[in-house]
Amino acid sequence: MTAFVSLADAIAEHVRDGQTVAMEGFTHLIPFAAGYEVIRQKRRKLTLVRMTPDLIYDQLIGMGCAERLVFSWGGNPGVGSLHRLRDAVEHGWPRPLELTEHSHAAMANAYAAGASGLPFAVLRGYVGSDLVDVNPDIATIRCPFTGERVAAVPALRPDVAIVHAQRADRAGNVLIEGIVGVQKETVLAAHRAIVTVEEIVDDLMAPSHNSVVLPSWTVDAIVEAPGGARPSYAHGYYRRDNAFYKNWDPISRDRDAFRAWMGDNVLGATAATHPAKA
Amino acid sequence: MTRTDYSPTEMMTVAAARALRHDDVCFVGIGAPSAACNLARLTLAPGITLLYESGTIATKPDVLPLSIGDGELCETAIATVPVAEMFNYWLQGGRITVGFLGAAQIDRFCNINTTVIGPYASPKVRLPGSGGAPEIANSCGQIFIMARHGSKVFVPTVDFVTSFGHGDGGDHRSRLGLRTEGPSLVVTDLCLMKPDPETKELAVVSIHEGVTRTDIEEHTGWTIRFADEVDDTPPPTSTELDVLRDLHARTARAHEATL
Amino acid sequence: MTAFVSLADAIAEHVRDGQTVAMEGFTHLIPFAAGYEVIRQKRRKLTLVRMTPDLIYDQLIGMGCAERLVFSWGGNPGVGSLHRLRDAVEHGWPRPLELTEHSHAAMANAYAAGASGLPFAVLRGYVGSDLVDVNPDIATIRCPFTGERVAAVPALRPDVAIVHAQRADRAGNVLIEGIVGVQKETVLAAHRAIVTVEEIVDDLMAPSHNSVVLPSWTVDAIVEAPGGARPSYAHGYYRRDNAFYKNWDPISRDRDAFRAWMGDNVLGATAATHPAKA
Amino acid sequence: MTRTDYSPTEMMTVAAARALRHDDVCFVGIGAPSAACNLARLTLAPGITLLYESGTIATKPDVLPLSIGDGELCETAIATVPVAEMFNYWLQGGRITVGFLGAAQIDRFCNINTTVIGPYASPKVRLPGSGGAPEIANSCGQIFIMARHGSKVFVPTVDFVTSFGHGDGGDHRSRLGLRTEGPSLVVTDLCLMKPDPETKELAVVSIHEGVTRTDIEEHTGWTIRFADEVDDTPPPTSTELDVLRDLHARTARAHEATL
């Protein structure tokens, strides 16, 4: 059942060295505050899972938290490379990073399979792609009715899912609105789930009977973390800080500039303070 | 009325926009494709349907998104669906007529690399990776490719096939069981290219104003073919340029402002 | 693209003898008006697909429209049997009815596979059930990663989907709210789709960005048919007529009573008039 | 305070409700299970979570639904999801602690028939079929079965196994790869039965007031076993009966009224 806890306590209790951790949020609702706290608590040897490693994964990787990345697109959207990710892959700095690389369709289906208690997902995908040669987690199976071949990937079942949402009610039900990404699937696929929210409210005020809701008993920890998705955005609360994304490029190109920025803005901060500017 | 005060990138965007039709349903990527698709929507193809992989269906952004999932896309969509649904019901379900892809490397058969320069295990440059591209390339009715023309991009052999184009050419796609047309148009800042109907090797079919055959040859990493009839790409019209520049100006203002 | 047409024209144009037709609506939004029109237009040899054959399928079967039923639960919910379905299966009246029988989970996944362009769906299901012995469309496949065995069923790809929805806008986009069932999957899985709606409006007024919407280009025909789901219900418009369901039981038990009722209420009616009472 | 003015059906409903716990997540079927689950919610287990296969999650109906998808269920739910999601993410995903099943026929190992009486190809009685039952039986943490006690229902061999219980008994479930407990309780209008921990054969564990062992034996189609210790089922309390009757009265009024 859901516990309402501080961000520091949520990470301390649920995220351990060596675990597989998925922080999701498709451009929208990226759980930055939680990622910063993982960095502050110096987790190591994590397998980080995420369709679109964003700035927060660039930072986790650059700070040496990760030993493997499971992903499908690792860039700074609309800007360019994730330079810390590149430095880890190209030069092993600060430590080597192993890659398990998928397509978006495969990752999304692998989460859905995990949420569904299935061992694998099937998709029409990867036809003719060399990804099949570099990722042993891509198999081919045959349709028992038509004989057609389709791709199969193992279900994703992270140890911990971390997502950010607009709000939770006091019973612990969580509402996600707008671009909902793969967050619901990620939470349901994971063994444990931490949700940071903009606010905790008396009434969830779901706009529709069919709104995307994570019921309380699917979430282990809820953390009130207003602004917790910045510099990404929270629909209905604040916009994407596009300037932050652009400014990150020069900071992240240089190892020293990166470390200085992390020291000033993350390591020297607490869960209550949140980097406002890059 | 045509104009002469335009950039090669503007020409590329305008040429791509013109290839789209009123009844197309497009899977739009960020950057150049997004500009082209929205220019089409604001000019010749107002009925066009744009989907972004973030799950936004039939979106009509007033400004161009910086990322694939800006709030603007959701606010102007008729619906926003989970990402798994977008890839399953909409892309894989065969409901997209045109998909756009960019490329770090592309070969003469439109195989695309966005994964790595150099060997996969010890990369010279690690690129962002596939994203939705392998399945976009497999599932859309046809694929339009946009890329700046240069010999480091248009290479004899890609270092890694992220997204399958026409493979070794000919009927390679259908031999792999693919039922879609695959890449049917490449739009660059120099010219338009299309695969030969039989061999599937790219050939130049239209050259932009001020560009010579030699320019194209020098900027292509293989001996590029020219179709029997090569058109002159009509330069951008005043309307096209005005609409595109308005769009970019609105976008720049919006991206500077944050709450 | 969507055409706005009359119910008679929609059925005349899109539904042909011998086709596979899926009319869906999970208790809610059952397309009764459209079903009545199929009966009036005397379609024959249909393969009728529906998770929960309801009164409208009882009537279609009793009127001899169907030669096969693909289904997972055929009863009068909360009341008892579908007597016309039983009469067809037990006594071949008015003609024999072949059955392809699934579980709910398999049917729902088979529609989703159809919507997804996949040839088959996988599920953990049917373990130990004799349904495997009587339905050749249930196969077993092995997970290529874990070796586990799971069930597989072929995708459903009906020739025609018919569903009822709350409203459509003038561009042809359709909104479904409340218990949304498998209607979206059914429409996307089918080659053609007819949607009857309570009303056609200027503004769809979807309550949420994440509302269930069928975009115009996925629907072939939209028919304004207010009350078109009665005696089932349309959330926000009218309630379920539970009395109709209860009263159907004695009518449907008797062949003559059934035929008389159909003559009075369906055959003698038009698409504009709709049986109000059973 | 207990009462004596109750029916066997009320006893059955009350006994089933008592088996539910505050933290259970129940997949509820229509009819007797729905009454029992909502009685539990309104009495001893207010925190219980009820899901119906129509997609309604954590619903709190004020009146009992006649069908599995009455509007009442949606209006009082915290969310309503597509039916495919309900079966995949919620049932198959292993998020349900207790599933309820009814039966037209049930054998000593809790295998259930809701498909057909007589041969499948030439049925004597065609029953409604499986609905969600095969996967409910496979995927819920445990299964509670509710049925009126009679020798046509509790049969030596079911004509058709719609939903697998304990098969031939013993470890048959785990041999088939099932990780869930399967049927753990059968509630009838005469008694409560549970599978023997080893053999999985049903044995009577509690007998309702006014019922004799002979009554149960006569209404069971096989030689029914009795556990070493058989309890007396406590009769319904005043509160249980009042709440249940209020619920039924509200339901009757609501079902008569239509818009």
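Descriptive notes on the structure:
Should a chain be cited, it is by its letter among A, B, C and D, assigned in written order, with residues numbered from 1 in that chain.
We adopt the following convention: a contact is a pair of C-beta atoms (placed from the backbone, for glycine too) under 8 Å apart; a residue touches a chain by one contact, two chains touch by 3 or more.
The structure displayed is predicted, hence computed values, not measured ones.
If you take subunit B and subunit C together, the chains in touch with both are A. Subunit A and subunit B, compared by their mean Cα positions, are separated by 28 Å. Computed from the mean C-alpha positions, the centre of subunit A lies at a distance of 39 Å from the centre of subunit C. Contacts with at least two other chains are made by residues 112, 117-118, 123-124, 148, 178, 180, 184-185, 206, 209-212, 235 of subunit C. In subunit B, the residues that touch at least two other chains are 74, 80-81, 88, 92, 139.
Arrangement of the chains shown, judged by which pairs touch: an irregular graph that fits none of the line, ring, star or complete shapes. This structure has the following touching chain pairs: A-B, A-C, A-D, B-C, C-D. Subunit C meets subunit D in the complex at residues 26-28, 51-52, 71-75, 77-79, 81-82, 85-86, 89-90, 101-105, 108-109, 111-112, 123-131, 134, 148-149, 178-182, 184-185, 212, 233, 235, 238-245. The residues of subunit B lying in touch with subunit A in their complex are 30-31, 53-56, 65-71, 73-74, 80-84, 86-88, 91-92, 111, 115, 120, 123-135, 137-139, 160-164, 167, 172-173, 176-178, 255-256, 258-259. Residues 1, 112, 115-118, 173, 184-185, 188, 204, 206, 209-213, 215, 217-218 of subunit C are the ones that touch subunit B when the two sit in their complex.
Contacts from subunit C toward subunit A in the complex involve residues 117-120, 122-124, 137, 139-141, 143-146, 148, 150, 152, 154, 177-178, 180, 206-212, 235. Across the complex, subunit A is touched by residues 23, 25, 49, 57-58, 74-75, 77-81, 88-89, 92-95, 139 of subunit D.
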